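In the two complexes that follow, chain A is the common piece, with chain B as its partner first and chain C second.
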Partner chain A sequence: MISVTLKNLKKYFGEVRAVDNLNLQIGEGEFMALLGPSGCGKTTTLLTIAGFYKPTAGEVYFNDRMVNDIPPRSRNIGMVFQSYALYPHMNVLDNIAFPLKLKKQPKKVWRKKAVEVAKLLQIDDLLDRMPAQLSGGQQQRVALARALIKQPQLLLLDEPLSNLDAKLRIVMRAELKRLQKDLGITTIFVTHDQMEAMTMADRIAVLKSGKLQQVGTPDELYDEPANVFVASFIGTPPMNFIRGSLLKSGSSYVFECEHFRILLDEVVVQKIRRFPVTNNVILGIRPEDVEMGRGEIKGEIYVVEPMGRDTLVTVKFGDVYIKVLTSSTVKYSIGENVSLSFKSDKVQLFDGETEESLYVKGRDER
Partner chain B sequence: MKNPNITDRKYLALSVFISPAVVLVILFYFVPVILTLLIAFTDMDRSLQWNFIGFDNFAKLFGLKGKDPFIGKIIKNTLIYIAGALPLTIGGGLLLSILSMKIDRNAGVFFRAIFFIPRAVPPVVWGFLWVWAFEGTRYGLFNAIRTALGLPVVHWFIKYPMLIVIMANGFLGISLAMLVFSSAIASIPRDLTRAAEIDGATDWQITRYVIIPMLKWPILTMTAWHLMSFVNSYVYIMLITNGGPYYATEVWSLYAYHAAFNRYRYGYGASLITVLVLVNIALLFIVLKAFGVRKMLSRGKIEV
Partner chain C sequence: MRRWIPYILLVLIALPFLVMYVGFFMQAFGEGMHLGIIPEKFGFSNFRFLWQPIAWGLGKTTIWVTLLNTLIFACVSGAIVTVVCMLAGYALSRIEFKGRDFFMILQLFLHAVPGHILLIAIFFLLFYLKLLHRIPGVALARASLEIPLGVWIAKGFFDSIPWDIERSAMIDGCTRLQVWYKIFLPLVKPGIAAVFIWGFLFAWHDFIYVYTLLPGTVKLLSTLIQSLIATEVIDYGYLAALSVFYMVPPLVLFVYLQKALLKVPIFGGKGL
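Right, the complex of A and B next:
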């Protein structure tokens, strides 16, 4: 197993800065997700790590070895492509064994190994099928088997689940995670689906427009988002954002917007690392951290969306809409007047200009 | 009384629309084919008399009754010509397309454009370029170079007539094969060659195990196409050597042309062509069989 280090990595395509000064360390055996919307540079980063793209500047290290000039075929990596990229003219056995056949291993050896890895992925009954005769899920397992057969020191997955149907995706999510832990291969995967990243990865690197926004465990990203982008990208339903001002009132702080004002909890105030130059801030609160029924914030129910276990209620205050996740045991109806409150220690505060979090970051604290 | 049926009227309308094309096909395709077949069984000559002689033409052709002294030579020429021009076309087309797709995009387009020139010039120009280049006097291109270097002139058309004819037709074939193969290579998903690279394949291995197998259909099409083309077409040979010197480059189709339109043995020429058509049909079946068309067209066992 290896660790991967990206040092000041830049990849430009003409004027387009696909990856802009990326610094990232992926530990041995770690399962790292590169997360971001399309065009954020995550696939470019993956293809640069694989060696298909040469960095415009910066370095890629496998352990302590700089690999910028090593071609993909010599990097000993396994890769699963979004399209699976199975060779359509070879059957499953030949597809899986292809990396070993290229090394001119005797048939006895590659056959045995291919059957072994096929068994591991439960596709050993499909060995004589052609790729066109397989379902999406089966094709993915074949692609994974082909990536694993040469025992790579690094596994790269490009949107591994995006071509599967919703149900299968949830099954494969768990299976991939378990497989990665069993094999212990350092794995980097690219996804635009925050749920996939949250559920599978040990750590997530969030990218936007080629720039790294935040790296951390799923919990860190969820509880301590570094900026409005990360806060809005992670979590469903997404976080509520309200623009307002931060005012000092005696020894405490008050968040004030057009429709309400709330006294900030002592815990929140202590987390504030620096106060914005202007008092212009954005308050963020997750739908599950809003409590209905009591509190000084009063609004009118705009829409009610039952989701089974929970109900998502949208409450309107003038031109501000707040989504609230409530238990479905209490019924609400449109137009009803309600009051609500925010769980005081769950409130996030961002600079209104830079959209950066005002809080001390988790690792600064420790 | 029966009402006019709407479906009948629709069919009538469709028939009216399609009839001009049908008439043209019948007039200029089926009628000539049938006429050729009929003429093959006559000894029609310049006098254009229909005098049926049964299988005499074919018997002469196969040496059963009377003998055509040139047939052996013609068959040998045809086989050598095809055995030379077909591999040159397919191999050259493959090589050029793979190389030109591998290099810089603009340079690739430039090279493909150069190799496409033969297709763009009129046949007569292409033919005479070769005549001029290999002219046996010191005025020919290559002999002019040799003369300038102080070397004696070479009588190219006497020494290497078949080679020149094969190259002239081969380069023409290459231009089309290269174009078809290049677009097929361009349509191979990039993930596939990337996957092969990750799997450890060298450039040669990617070409051998991924790109060429994926060109199976274009290669089949181009092989069938050019096989038929080389068996049947004689235009460039006629323009460059006209079958000479002394039957050295006279292939079957050109021989049939000469029999009919130079020596006015219409009956015999038609029988030569009839045999050629049968050979064509046989070849087509062999080519399709060799590439396992039935297997490739069969239904997959898809399980979703």
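Right, the complex of A and C next:
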């Protein structure tokens, strides 16, 4: 297994900066997700690691070896594409064994290995079928088998789950994660689905417009987002944001906006690394960290969305809407007046200008 | 009544062409013609060239020698067009290089140039290459006329193959050339058939190149028919029968290759 290091990686297409000065280290055996909206440069990054794109500047290292000039076929990587990219004119067995056949391995050897890896992925009964005769989930397993058969030192997955139906996606999510842990292959996984990244990856790198926003474990990204973008991208339903001012009040601090003011908890104030030049800030609070029923924030229920176990309630204050995740045991109706409060230690604060978090990060201050 | 009017109109428009075709087949299969279209009886006497030598000038030839010459000419031309277009089409579809766009526009421009105006230049070119008066040489010249548009046709087929398939093959260990022949060629079989037919048909139908660049002693079907017209007494039945014979091989080829032409593979994965 190898570690992968991206050093000041840049990839421009004309004026477009698809990847802009990316620095990232992926450890041996690590499962890393590249997460971001479409057009954020995550697939470009993956294709650069695979060797299809030459970096405009910067380097890609496999362990200590710079691989910029090594063609994809010599990098010993396995890759699964979003479209699976099976060869339509070969049956499943030939598809899986293709990498070994190219290496001119004898039929006995490649057949045995192909059957082995097919068994691992539970597709050994499909070996005679043509790709067009397979379901999406089966095709994906074949693509995975083909990527694994040459025992790659690095596995690249480009949105491998996004063509599956919702139910199968959840099954495959768990299976892929387990498989990755069993085989211990360093894996880089591209997705635009934060849920996939959260559930599967050891660490997640969030990208936006070619720039790295934050790298961290799923918990770190969830609890300590580096900026408004990460905070809004991670978690469903997404975090609520309220613009306001950060004011000193005696020995403590107060967040004040048009419709309410709250005294910030001591824990929160402790975490603040620097105070913004202007007092313009954005307060972030996750829907599950808002408590209904008591508190000094008063609003009117705008809409109620039952989701089974929970209910998502949108509360309106003037032109501000806050989503609240509550237990579905209490029933609310539209137009009802409610009061609510924020779990004081869960409040996030961002600079109103730069949208960067004001908090000390557990990791990057270490 | 009203609903018959469109049909009547269509028949009227189609009539001259239909009469032409009917007349053509009547001539070929009929004997003792009246008014050029009504035969006294049907028979195969016009097809006597199949078992008799064909008199031409002072010499004689047989249909089979001529057919073989024509087949060699058309197949060589088709093969050259296919090989060049398949390689060039892949490169233009997949590889970035300087002047690619210019090259593609140049191909369209070249296609617009009528082949006839190049005859003299090609005559000298073949002469210096010692290929003049030889079927493969003339087939090469003929193929060069169809390559420009053939390249575009081939490029279209390669363009339809998703990048993921190519990338996947390269990850699996293919060189560019291996991607081309192990993955792409099997997937663009309809394209190969289309380009081959393209090259074959134009060579098969060619007259002016064959007439100018091959010696009079080497006859192809097109020049054979022409030489029969250029006599004092024209046997139209004989000529029509020979023309029917001339039509058959391309038709057979078309029927044989249409399966390949229609067989478009399903790319990548489900719904893609």
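As a convention for this text, the second predicted complex is superposed on the first by the 363 of 366 C-alpha atoms of A that agree within 3 Å, B and C clash if a C-alpha of one lies under 4 Å from a C-alpha of the other, contacts with A are read in each partner's own complex, and residues count from 1 in each chain.
Operating definition for what follows: contacts are C-beta pairs under 8 Å (C-beta built on N, C-alpha and C of every residue); 3 or more make two chains touch, one makes a residue touch a chain.
Just so it is clear, the model here is predicted, and its values are computed rather than measured.
After superposition on chain A, the partners chain B and chain C are seen to clash. By the touch criterion defined above, A:N163 lies against chain C but remains apart from chain B after alignment on the C-alpha atoms of chain A. When the shared chain is aligned, chain B and chain C each come close enough to touch A:A132.
Look at A:R146: by the touch rule set out above, it reaches both chain B and chain C. Touch criterion met: A:G78 reaches chain B and chain C at once. By the document's definition of touching, neither partner reaches A:L247: not chain B, not chain C. Taken together, the two complexes place residues 50, 52, 71-73, 77-79, 81-83, 85, 87-89, 98-99, 102-103, 132, 134-135, 146-147, 150 of chain A in contact with chain B and also with chain C. Contact residues of chain A toward chain B in the complex are 50, 52, 71-73, 77-79, 81-83, 85, 87-89, 98-99, 102-103, 129-130, 132-135, 138, 146-147, 150.
Residues 189, 191-192, 194-202, 205, 209-210, 213-214, 216, 300-304 of chain B are the ones touching chain A in the complex.
Every residue of chain A that touches chain C in the complex is listed here, in rising order: 47, 50, 52, 71-73, 77-79, 81-89, 98-99, 102-103, 131-132, 134-136, 139-140, 143, 146-147, 150, 163.
On the chain C side of its complex with chain A, the touching residues are 162, 164-165, 167-175, 178, 182-183, 186-187, 265-272.
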